Structures are given as structure tokens and as C-alpha cells.
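Data block below; observations after.
As written, the chains take the letters A, B and C, and residue 1 is the first residue of each chain.
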Amino acid sequence: MIHVEDLRKSFTLHNQGAAVIPVIEGAGFVLAPGECVALTGESGAGKSTVMRILYGNYLAQGGSVWIGEVDITQAEPRDILQLRREVLGYVSQFLRVVPRVPTLDVVSEPLLNVGWGEADAQARARELLERLRIPERLWSLSPTTFSGGEQQRVNIARGFAHFYPALLLDEPTASLDATNRETVLTLIEEAKAEGAAIVGIFHDQEARARVADREVDVSTFAPVAA
Amino acid sequence: MTPLLAVRDLNKTYGRHVGCADVSFTLWPGEVLGIVGESGSGKSTLLNCLAGHLPPDTGEVVFDTRADGPRDVLRMSEPERRMLGRTDWAFVHQNPRDGLRMRVSAGGNVGERLMAVGARHYGEIRDQALDWLDRVEIAGTRIDDRPAAFSGGMQQRLQIARNLVTGPRLIFMDEPTGGLDVSVQARLLDLLRGLVRQMGLSAIVVTHDLAVVRLLADRLMVMKDGHVIETGLTDQVLDDPQAPYTQLLVSSVLQV
Amino acid sequence: MTDQAYNFAYLDEQTKRMIRRAILKGVAVPGYQVPFASREMPMPYGWGTGGVQVTSACLTPDDTLKVIDQGADDTTNAVSIRKFFEKTAEVDVTEKTAEATVIQTRHRIPETPLTDDQILVYQVPIPEPLRFLEPSEVETRKMHSLEEYGLMYVKLYEDISRHGEIATAYAYPVKVQDRYVMDPSPIPKFDNPKLESAALQLFGAGREQRIYAIPPHTKVVSLDFEDHPFDPSKAPHACALCGAEGSYLDEVITDDQGGRMFVCSDTDYCASRRAAGHVGAMTSIEGATRMLRSASPDQTEPAQ
């Protein structure tokens, strides 16, 4: 489902003397449907960079990232957008939403984008918000005013509303209490059981051990200093 | 699938000054394209050339018309182009005063495009106007008030209703949230996102506000000195900008 | 200075030819506003300078001229324009609609149906029906040329939304021969059906420098909505002098006690009806007594 091959990434900082910072060299790994891979490596090794390239958020300088039938490093923007709507999900550490939009709408939006009816989408959103213990009185409010943990859970509800065959999770259990962490891990397990290929970054070792089938150490992709 | 709009080699100069140069891009149905750049970068010139308000020197603007398929808008007769401007196209001005009739009631403003395409039943026109006021969150009781009595945000929403009532497929927006309070901007953006999704609209949004395009646009075009210097997915261009100027632009935004 | 110091009908022949060319173009394109080089006339703008120039270009020595202002032959404007042409053209003048060959009018169409050997000349203050909503002349001309008349309906829409009905009572817009939307000058909408006429109708706007025309038997349709059809209504009364029920009426205030009466605005029409023996509430003794009683409740007898 996810096939990464010989990936290269460097940043060119044009406004700082055109400094070129190589970050990743020759990254490669493969995921079958229903598999979960955890990216490991110390802070700064490039875990988030790999995730962002997988999502099409960062451009790669070389190599390929196949998500199903699409090489996201070569795809046209509109193909990437379609991929993100239907196939490729991403739960980042931070919630980025239009201010003043009610939580319920934030969570149901991905479903509306793939053609769900308003009522069905809202029902699914309610179910997830309930499972993630967001109090119902908050559903009509914008999540921008929520606590960090609440925002993170809204983000997860949004990420899991639609079933994505390929899912990227960046620290999904960070800043969650034990009960909610359990719920999130269950959601991940359910997605796996349904056949989702999941790439995750988990600092939480216990969580990693529970949901990840394999680990990929990103530091092995670090460029050799010239 | 046919692109809704295909622009090829658009050029516009003002004497020796370059308005926009060699602009080519394709817009697909349902897509929102953001055009960003500083004042004077040529983004408004480009928008006006696309929307038929300004004749470019060279180039093609091919629109997929409902009746006859893809046609070069620049080579259409003026009546055809004006008809397009009232039916399949919409233009939202930065200043609502430029896009509204300030001496005509809200209902009359919304109904004008309907009457322009032949609606002759007062009751039906009024029903549609009420429906649209509701969709842009203006109370129906305000239907007979003039826009001068509205707040800036309401005027902008009224302008949007007036433009969308004939169910256009392409909407041009010039700094749609410019001049509005931040909280009003957010509401307008949410409204626009909802309408774009519900109606399957395509949009071209010109703005210098990167936060606006991040929330509204699928794709970005960065302009400088009349040239397109970078294009790509909105989040990719903003998070991993490649061109020196784009890097400068993105890094210049104040973080809140 | 003698009267012979003037060319026939005041204007020089070159100017009249220029105006006639504009008139011919107007006739050829019914409802289209033809620009013309309007001359300074010996009267202020707003007093019929456009109409006078059109009349001047149409008059021949054999013509009989009638001039009305709001239907009346005897008001200042009508009298002075009539005198003007008596002096400069020495044409016969009349107050009888049927005897006139050229009728210059301000704000009315005579009640007596016109015939194909008559010309009706209108004085027009603002010829552009779209003007009040679209200030740009460039834009209104484009709208006419492209037949974009949605805006005209916006005006009617505004009327209904504000008053519950189309409240435009005069200068009610019409579409001529299915093409141009035209301002019929500030005639009451009651007169609109009479715009479909056997006579040639010419419109002159002096200050705005426009001439337009409705040739005989041209189709003229008053704009309206399907659910708010055009209604050429008038005050629901009969003329107090001649008893006419189907003529356009002026309201005349008779005292400061609320007394009023309605009389025909077309003075010639009213006078000929009375000459033929028709009477109204005011001209019959019983009716007049009743009216005055009701108007002045503290008086028991009619004033001497």
C-alpha cells in the first residue's frame, strides 16, 4: 500500500546564503495493507520530514513514494488532493482549522468531502467525539479554544472519521491521559484490522510496542557528511 | 475530464512596465487556486485579465462553457462574455461597494442576476433572494434594507450571495477578506469553504494574506514582478517553499 | 426687431435638417435614443427645449399646432410655447385635439385617439430609463446595445418590495417593438396603453440632447412581473365637470377644509364633453350642493 524508495530530501535556504541542508538520503520501506510501521530515531533525525514527504507536504529531491497507484512525489496537485480526500489520511500534532467552526463540523468535514450526507457524517462525528470523551456541550464550539489534549482528540476524531487505506500518525497519543490513550490505540487497531497501512511516530514506547508491527530507524537514512 | 479553465501564455504590459508575463495554468472543476504576492506583483492584473475586465496583450483563456465546451474567452464577442459574467462566472470585489448596488435593497441586489437572465416572477425572485440571504447568514428580515445599513462583513456576504444566485461554476475573488475584522474574516472563510464544497465551485482567489489561502486554496501560485515563480499544493508551497522569494514571503509572516 | 427676423419656426434650416436626420433615425430604430446637437433655445432647460426643437423641425406653414402642459392648453408653459410658434412660424393654432396636425405635449397623451396624420411631440426631461440605477452613460449605452435590461426590473422589484406594488405612477418604462426599453417621458402610466397609436410620436430631450421615436402602430409593452402585471390605474372617480369615468383626472383642492374635486386633466376633452351636454357632480345643481355641504360642514347653504 505504501512503497517508499530511495527517497532524498534536502533544504536550500536561499535567504541564508543558499545553504543546502541534506536531511534524508536513500530512505526506503514498504507497507502492506493492515500493517503498521513506527518511525524511530532521535529528535531531529527526520521522522516528521519523512511523514511530510509521504503526505506530499514536502517535496522530495529524489526517489519515489507510492501510495497505492500514485507516486506522490510526481503527482499533480489535484491528484494529491484526491488522494488525500479518499486514500491518504494524516493526523498531525497540531489542529489547524478555520476559527469559529463548530467541533462537530470540523470532524464531519472529511466525510462531506467524500460525498457523505450531512446527517450520516454528523452521526459518525458524534460517535467518535463520544468515544474520545469530548463533552457534548463543547461540540457546537470551535476547538480553537480547547485545551491541548482536547484539541488533540478532536484532531484524531477528524483523522479517523473517514476510513483511509493509508494513514499517517504523528504522535497520536501525546498529551493524552490513560483512558483516552487507550481509546486512540483501539482506534488504530480497528483501522489496521480494516486493512489500513499506517505509518506512525510514537514517542510513547508502550503504544509503539502495541500497535507497530515493525520499526524503521530514520537515522539510518541520514546523509553521510561530505 | 476537461479543465474548467486553461490559461496559456498570458501577457499584459503597461507601456514598458510588465503587468503579468507568460502566465499559464489549468484550473479543474471544484478546485480553489490561490494567487499570492506583494502589491504590484501582477496578481490583480492577472485576475482582471482572466475575468475579462482588462484585455491582455497576448494569450488564451479557455473556459469550458456549458453550451459549447471549451472556448477562448478573449475571442468571444462582448455580449457572450458579459453573459458569461452574469451566469457561469462571478466576481467578488475586495470592496463590497464595487460589487453591490448601494441604493438597491439586499433582495434587489441578489435578484438582479436572476432578472438579468430573464426571471420575471416577483414572488419567485424574492423566494430565491430569501434563500440566499439565509445561506450567507443574513436574516430574512433584512431583505428590504439597503447594503449601506449593513456591516462590512454582511456587505461582503451579500456580495457573495448576489454572485452565487445564478449558480456560477467559477468565482473570481480579489482580496475577499481584505478590510474585514479578523473574526469576521474567519466566518466568511468558513462560509466560502462550505459553498465551494456544496456547489462544486471552482475559485481563483487573489490575496496577500497567506493565512487566507492556507484555509481556502487547494493550490497556490506565487507571483513576483508579473511572473509566476512557484506553484504547487498550498500546504507544500507554504511549508516547503522552493523559490527564494517564496521562502522570504513565508518567513515574513508573523506567527500568532 | 420684426418677426421676420426669425427663420420659419425659429431654428435655421441647417439645424432643422440635422434634427430631422435624428428624427428619421429614431423612426428607423424605434425606442433608440439618437444623440443630436441640441441648440440653445430662448427658454430655460426644463421648459421644453427638446420638444420645441423637434416641433420646429416638423412644422410646415400648413400645420395646425396644439400645445398642452399636463393635458391643459391654458397653462403658462403651453401658452408661451404656442405663442412662440405663432410668432415665429405663423402657423394656425388650436386647442382642439382633433384639429391639430402637430401636438406638443408635456406629461400627457390626449384622451381623444390620435390619427395617422398627426404628430405628437413629447418634452422629455431625462430620456435614459436606466439612469437612476446606473449613473454611467457608457454603461447604459452598452446595456441598451446588448439588450441587458435586468436592471430595469430591479427598479420595479424595489417598488414592489417597498410599496407592495409597482408604485411607479409616471415615466413607467416600456419596451418598444420587442427591442429597446424606453422612458415614455413623465406621462402617467394611465397613458401607457395609448403609446400604441396611429400617430407618429417623437420625443425630444434638449438638455440631454437625445431624440427618440415611436412610429405609428408600433408595439409598446409596459414592463411588469408575471405576478404583478402592469395596471394603468387612475383615481377611482368621475370628472366633476363632465362626468367622464375613463379619463385621467387631476385632483383640485378647493378650500382649506379638505374640500377637493377631480377633473379631467385633458381640458379640451373635458370642454368638448361638456359642450356635448355631459354633466358631472359639480355642474349639476344637486351635485354641487351636496359636494359643498360635505366639504364645508358648518355651511348650510352654498356660498353666494
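We adopt the following convention: contacts are C-beta pairs under 8 Å (C-beta built on N, C-alpha and C of every residue); 3 or more make two chains touch, one makes a residue touch a chain.
What you see is a predicted model, and the numbers here were worked out from it, not measured in a lab.
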item: Chain whose mean Cα position lies farthest from subunit C; value: A
item: Centre-most chain [mean C-alpha coordinates]; value: B
item: Chain centre separation (subunit B, subunit C; CA means) in Å; value: 47
item: Approximate Å spacing (C-alpha centroids) for the pair subunit A, subunit C; value: 77
item: Euclidean distance of C-alpha centroids - subunit A vs subunit B, Å; value: 32
item: Sites on subunit B at which at least two other chains make contact; value: none
item: In the complex with subunit B, residue positions of subunit A that touch it; value: 11-15, 52, 56-59, 77-78, 80-81, 96, 98-101, 112-113
item: Of all residues in subunit B, those that touch subunit C in their complex; value: 78-79, 82, 86, 101, 103-105, 107-108, 111-117, 120-123, 125-126, 143-144
item: Residues of subunit B that touch subunit A when the two form their complex; value: 28, 31, 183, 186-187, 189-190, 193, 197, 214-215, 218-219, 231-233, 235-236, 239-240, 242-244, 247-248, 251
item: Contacting residues of subunit C [partner subunit B, same complex]; value: 133, 146, 148, 150-151, 153-154, 157-158, 160-162, 225-228
